[in-house]
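Pasting a structure below so you can have a look.
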Amino acid sequence: MKKLEAIIKPFMLDSVKEVLTGMEIQGITVTEVKGFGRQKGHTELYRGAEYTVDFLPKVKIEVVLKEELVEKAIEKITETASTGKIGDGKIFVSPIEEVVRIRTGERGESAI
Amino acid sequence: MKKISVYLFAFTAILLLNIDVAFAEDAPAKIVAADTAWMLISSALVMLMVPGLALFYGGMDRGKNILSTLMLSFISLGVITVQWVLFGYSLAFGGDIGHFIGDFSYVALNGVGLEPNGTIPHQLFMVFQMMFAILTPALISGAIVGRMKFTTYIVFIVLWSTLVYDPLCHWVWGGGWMSDMGALDFAGGLVVHISSGVSALAACIILGKRKGFPREAMPPHNLPLTLIGAGLLWFGWFGFNAGSALAADTVAVSAFVVTQIATGAAILGWVFTEWIHRGKPTFLGAASGAVAGLVAITPAAGFVGPISALLIGALAGLICYLAVVAKHRFGYDDALDVFAVHGLGGTVGALATGLFASAAIGGTDGLFFGNPSQFGTQFISVAAAWIYSFGVTFIILKVLDATMGLRVSEEEEVTGLDLSLHGERGYTI
Amino acid sequence: MKKISVYLFAFTAILLLNIDVAFAEDAPAKIVAADTAWMLISSALVMLMVPGLALFYGGMDRGKNILSTLMLSFISLGVITVQWVLFGYSLAFGGDIGHFIGDFSYVALNGVGLEPNGTIPHQLFMVFQMMFAILTPALISGAIVGRMKFTTYIVFIVLWSTLVYDPLCHWVWGGGWMSDMGALDFAGGLVVHISSGVSALAACIILGKRKGFPREAMPPHNLPLTLIGAGLLWFGWFGFNAGSALAADTVAVSAFVVTQIATGAAILGWVFTEWIHRGKPTFLGAASGAVAGLVAITPAAGFVGPISALLIGALAGLICYLAVVAKHRFGYDDALDVFAVHGLGGTVGALATGLFASAAIGGTDGLFFGNPSQFGTQFISVAAAWIYSFGVTFIILKVLDATMGLRVSEEEEVTGLDLSLHGERGYTI
Amino acid sequence: MKKISVYLFAFTAILLLNIDVAFAEDAPAKIVAADTAWMLISSALVMLMVPGLALFYGGMDRGKNILSTLMLSFISLGVITVQWVLFGYSLAFGGDIGHFIGDFSYVALNGVGLEPNGTIPHQLFMVFQMMFAILTPALISGAIVGRMKFTTYIVFIVLWSTLVYDPLCHWVWGGGWMSDMGALDFAGGLVVHISSGVSALAACIILGKRKGFPREAMPPHNLPLTLIGAGLLWFGWFGFNAGSALAADTVAVSAFVVTQIATGAAILGWVFTEWIHRGKPTFLGAASGAVAGLVAITPAAGFVGPISALLIGALAGLICYLAVVAKHRFGYDDALDVFAVHGLGGTVGALATGLFASAAIGGTDGLFFGNPSQFGTQFISVAAAWIYSFGVTFIILKVLDATMGLRVSEEEEVTGLDLSLHGERGYTI
Amino acid sequence: MKKLEAIIKPFMLDSVKEVLTGMEIQGITVTEVKGFGRQKGHTELYRGAEYTVDFLPKVKIEVVLKEELVEKAIEKITETASTGKIGDGKIFVSPIEEVVRIRTGERGESAI
Amino acid sequence: MKKLEAIIKPFMLDSVKEVLTGMEIQGITVTEVKGFGRQKGHTELYRGAEYTVDFLPKVKIEVVLKEELVEKAIEKITETASTGKIGDGKIFVSPIEEVVRIRTGERGESAI
């Protein structure tokens, strides 16, 4: 089992959620994060003073899924969340050794 | 005999009628219900400015200090109410001592009853003035948010009120030397705004910068609060300025109208200047401009006409914006720009009164209406208010620094004063 | 003949003048514009206390119940406005039945027109009193936030207003037995604060604790809202207290002044007590102290002088703080401390009126001014208000519990009432 | 001789007394202090509605546009204050030209002094009316939040005020054809609410929908702000409606009372309709109902009695709720429902005035009191206000679209206007 | 060393924290997240309009712990956070290769 | 590729961001979290009642980077974020199997 962490632009959340649920993916966890990267921040004004805000609002989507779904999910997310502009974000894939469904105590792939 | 009695009667009757008329128009010794109604609501309006100010400041500060910032204003409602009752009112409005300060005749409001003082009960005048005394130290707090010890702050505002506000108030409104000299200050450009603004400058210089200033950005944490504050301030300011007529008369109306006009113009003055300078019109600019306009028209209301008010407001918006920008050159950390807005805004207003005052409105002409000496008088009074406020505040704070200490510890500052001083947090959403 | 005609004329003229004077001073049948102006704005001020209260409470509650808490106050503006028009005003101020309740003569405001009632139009008196009737049940809501069914709450406030508020109001202000007895309650220490505070105690005992109380911490979610609420309450309270003079006269001024003084003193009373007890002065303490002071001076305003007000306020701050702390000993869950602040604050005020009242201010002396019987009268009226409010509220709620049910389901409570009862969330920031 | 002199004297004395009385009662040329006091505070109250409106709207909008939304209202305080001083007041209230518009006699407030206008100083009337002129364009802003260019908006409100508001105001209150015709509009059902509501409809049709509407949910981001706004609006509306009597008299009282009653009833009207329709009573529904009631009673206040007000309010709550629901059928994106609440609420009120007006209250009967022609008059005036407002607003916006452009770029819209247009963010908590 | 990520219902946080600290677990990191899963969202009202909110408030608890504690922690969390109703959440287990205590620079299990 | 998760004190964020961007690190994702650990919470007051708040505000910094940068990054973070006082936080290192840049679809180290 793998975990996909996709850092995307906030307004892409709904579309990405839709393509994922369109696959056999049943669960998603979303966190509001702030990102710093190649995309420049913006300047804000405060009584005539200008200051730079480096961190931009991003959304992190975490999905744990079976190995066989990984490639397809990456593809779908990439397709959907890409605007072609810098700052579209990243997907990180990492190993998950065990999954437990709290309600039932089920383990492994059936618990996803 | 009959003839005489007739004439006598006629005379008496006419006398009675005349007295009646005179009574209504000139006699200072009769309470007028309409004036009482207006001054009651005006007093309430000025009270509302204190929470308004708390919100205006609070929204601009960082979230970790929000309650602390609110508290600095709010506590003045407790501390100065009591100070004013016990001796503050007496110092400001008690029998004159050397044109400098009031005596102790009104201590504990002794002798301050419901008898007429002008056309309103004496206690009403006292409570209206109380609200000014409460608001003024709270204004200073904007400069020193985020780093001052609360205990010291309480002692500071008692001392400041007693040693700076009460004398200045006496000079201008209590029969002191400034009123003798003919200085015009309708609703407190000198007494309230220059005094607090210049003292704020002294305070933030002595207190030093907030940790991280100016390197670290300290953006306002909740600007809708600032809007609420600005709205309540503006609303309350009608009581502050038009109430300073002490009657529901044409002077009050004139003061009300120019207050509205100057404030509107100052919004535009600030916003357009910023728009040109930085490329964007900011909301905080609009709110700040409004306050700058309100400050600047305060001394002038009741003395100037609508078009003068338009110019004074626009000018105040422009100048206060530039002053806020210039702050960064000088390097002091006047956190919420009390000096730029109140100190300089009040100065603009007090000097402009010497220029734009028109005898047709308030009985005195300014320079533009052919009376250059009034500008001189205004200038002297402004200079005196600056020097006195700065000097005495400086001394008070130096003494407090040496005795109680002014600043919280670095850890308390970093944690935020809400948690470290008050054991609370503003938001648990 | 001539002589006679002269005298006759003189007599007539003097008579006319006298009538004129008498007219202005005594005649109940003439509307005075200044009093009308003051009572219009006072009525508006008391209305503003309802959103003020909503915010004061809302900020202290948890975020998941914020809208529900606001709604409990706000809906009273709908429900009780209609109740008052239809029959509430009549029950309170209609023709007296057995010194206990009004008759149905004013049902649907029949006969309540624009003719004078004192020096203001009758409808103006009606609407000023309406605002009190709206505010009072809303005060109770602070005790039961987070767990009461909304439908039941609506029925509750209609019944409570009809069976508790309207009779009590009649007893004190509508010509009932308490006024006959000479009990003093200027602006509603009994009618508004004891009634709501003691009923709140009954309500939270019957309703039971919030799930998790007191184990789980339930910190205030947004204290700046509480400041806005406190500010608006204070501001509105000037209409509540000084408006209760029903005229823009010296009584109103006196009530206004002591309101300000007691409130300022109560801030200090609460804050310093907490500071000593817990080591830190809290912002919520300052805001709570202000409300405690406002509550305590409510019955006493118009009867006591400034220095008495200072003492009453300081005492109220101290006692209400201790009451809030003591709550945890007794184990009921009065969520936002309605009983401690309004029930006990009102009691402090009503009893203090029996101590500090001075004939020089309001025509009646209290114990400290040589009239111990007044304290007895106050004590009886307080006891009666406690017993009646507690008893009738207890019965109403027991009946509602048996019929409609009082509490939401556990799941609804855990989810939060905003979502489960109103389908909304306070914040989507 | 003696006899004669006695009679002469008696005659003179009586004459004097009579003049005095006449003076007080009829003469239009004397300032009455009580009326001045009431109109001062009423003007301040209407000013407060502008920040109130900003908050009411701001809380309902999304967090990324909060400052932008506040700004759209707040900037009107700057822009229209200046417009009104320079020429707006003259267009509305200057010498009549063809019953359509005022002339330039009052440009730059020339000739608008402190002399009486009715029983208050002319400038006071001017400033009271100024507040209406400021509020009205701000009302429109609720429809177009989140997508309009700020620069264009500023130009728009200047043009709209000049070409729509000022003429309409003249027609109804400045001696134009609608008042000639006998149309009743006490405090601005036509002038303020229909004009802004119908123009809002035109504006949101031309401007187009927000990106994502209606697919994407756009829930209110901070409903406690909306409560603050609703509270301040209600409070201020007492100045708006009861102040429109221009005196502290029984008409003001009547307007005040029906305002309260209709608003209370409208809360219930909206909440219960929604409760039946959707199964839950919402807080936003209660707040929206209050505003709907305030809007609907605006034209009727001063002309209808309490029970009529109860019906008008309940009806307004019901109808405005249904209109808000129906919006989704028609597919335009009136973001914060200005058309449904102000356009239709104002229409309900203006027509209801033609039904419920009673000569016993305001001198004119409506259909239900036997005067069907009044309903016809109301209908014509409503139709004219609709057509004129829609048409002129349509043209103004088409011209602005072609010249300056109306909408921000898609990227700016997605980012949020706070950041993209104003370089600020509402919250950094 | 392993990381446990438990997505649970917010009001379970205190109980779960307690059972974990009742074991030898010394540190926990908590994040507010929004979850989408088998548990349905709810509808909200906005002026007569109804819209569905898919994402529900959840809390993510992260604990890094020694391998030998993993099973016990899973058990305890499952026991405590389970209400038996859908939406109780998941536990994900993943490998942690190194832990560093910033204060001291300590590494490995002793740094946990 | 590895992921570093550093839980640090909030006011350290800016400094840590600076040292990381001073290395070849181009992207950072930041989350506001609440931490529970050896560092005691604080007490808060509510109308005379005192209650303990166990969870302290912390900031989680996530950086995905090439293996060869890991040691240096750990060192830099440790140096910068350490005050020597309890509660300075932890760094957790875990494996990342794949990185995708959404904008371009690039994979692996070049996508970081």
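Order of writing sets the labels: A, B, C, D, E and F. Residues in every chain begin at 1.
Convention: a contact is a pair of C-beta atoms (placed from the backbone, for glycine too) under 8 Å apart; a residue touches a chain by one contact, two chains touch by 3 or more.
Keep in mind that this is a model prediction, so the values were computed, not measured.
Shared contact partners of chain C and chain F, listed by label: B, E. The chains touching chain A as well as chain D are B, E. Steps from chain A to chain C, minimised over paths through touching chains, total 2. Between C-D and C-E, more contacting C-beta pairs join the chains of C-D. Of all residue numbers seen at the chain A-chain E contact, under half occur in both copies; the interface is built from largely non-matching residues.
Overlaying chain A onto chain F using CA atoms gives a rotation of 120 degrees, to the nearest 5.
Between the CA-based centres of chain E and chain F the separation comes to 18 Å, rounded to the whole angstrom. With centres set at the average Cα position, the gap from chain D to chain F is 54 Å.
Taking each chain's centre as the mean of its C-alpha atoms, chain B lies 48 Å from chain F. In chain B, the residues touching two or more other chains are 2, 6, 9, 13, 32-34, 37, 41, 219-220, 222, 228, 232, 278, 280, 282, 284, 422-425, 427, 429.
Among all residues of chain E, those that touch two or more other chains are 31, 44-46, 50, 94-95.
Contacting chain pairs (ordered by label): A-B, A-D, A-E, A-F, B-C, B-D, B-F, C-D, C-E, C-F, D-E, E-F. Per the touch definition, chain B reaches chain D in the complex via residues 2-3, 6, 9-10, 13, 17, 32-35, 37-38, 41, 45, 62-63, 219-224, 227-228, 230-232, 234-235, 238-239, 242, 247-250, 252-254, 256-257, 260-261, 263-268, 271, 278-284, 286-287, 289-290, 306-307, 310, 427, 429.
Taken together, the chain F residues at the contact with chain A in this complex read 3, 17, 21, 26-31, 64, 94-103, 105, 111-112. The touching residues of chain D, when paired with chain A in their complex, are 216, 414, 419, 422-425. Interface residues of chain E facing chain D in the complex, by the touch rule stated above, are 44-53. The touching residues of chain E, counted against chain A in their complex, run 2, 6-8, 31-38, 54-55, 58, 60, 74, 77-78, 81-95.
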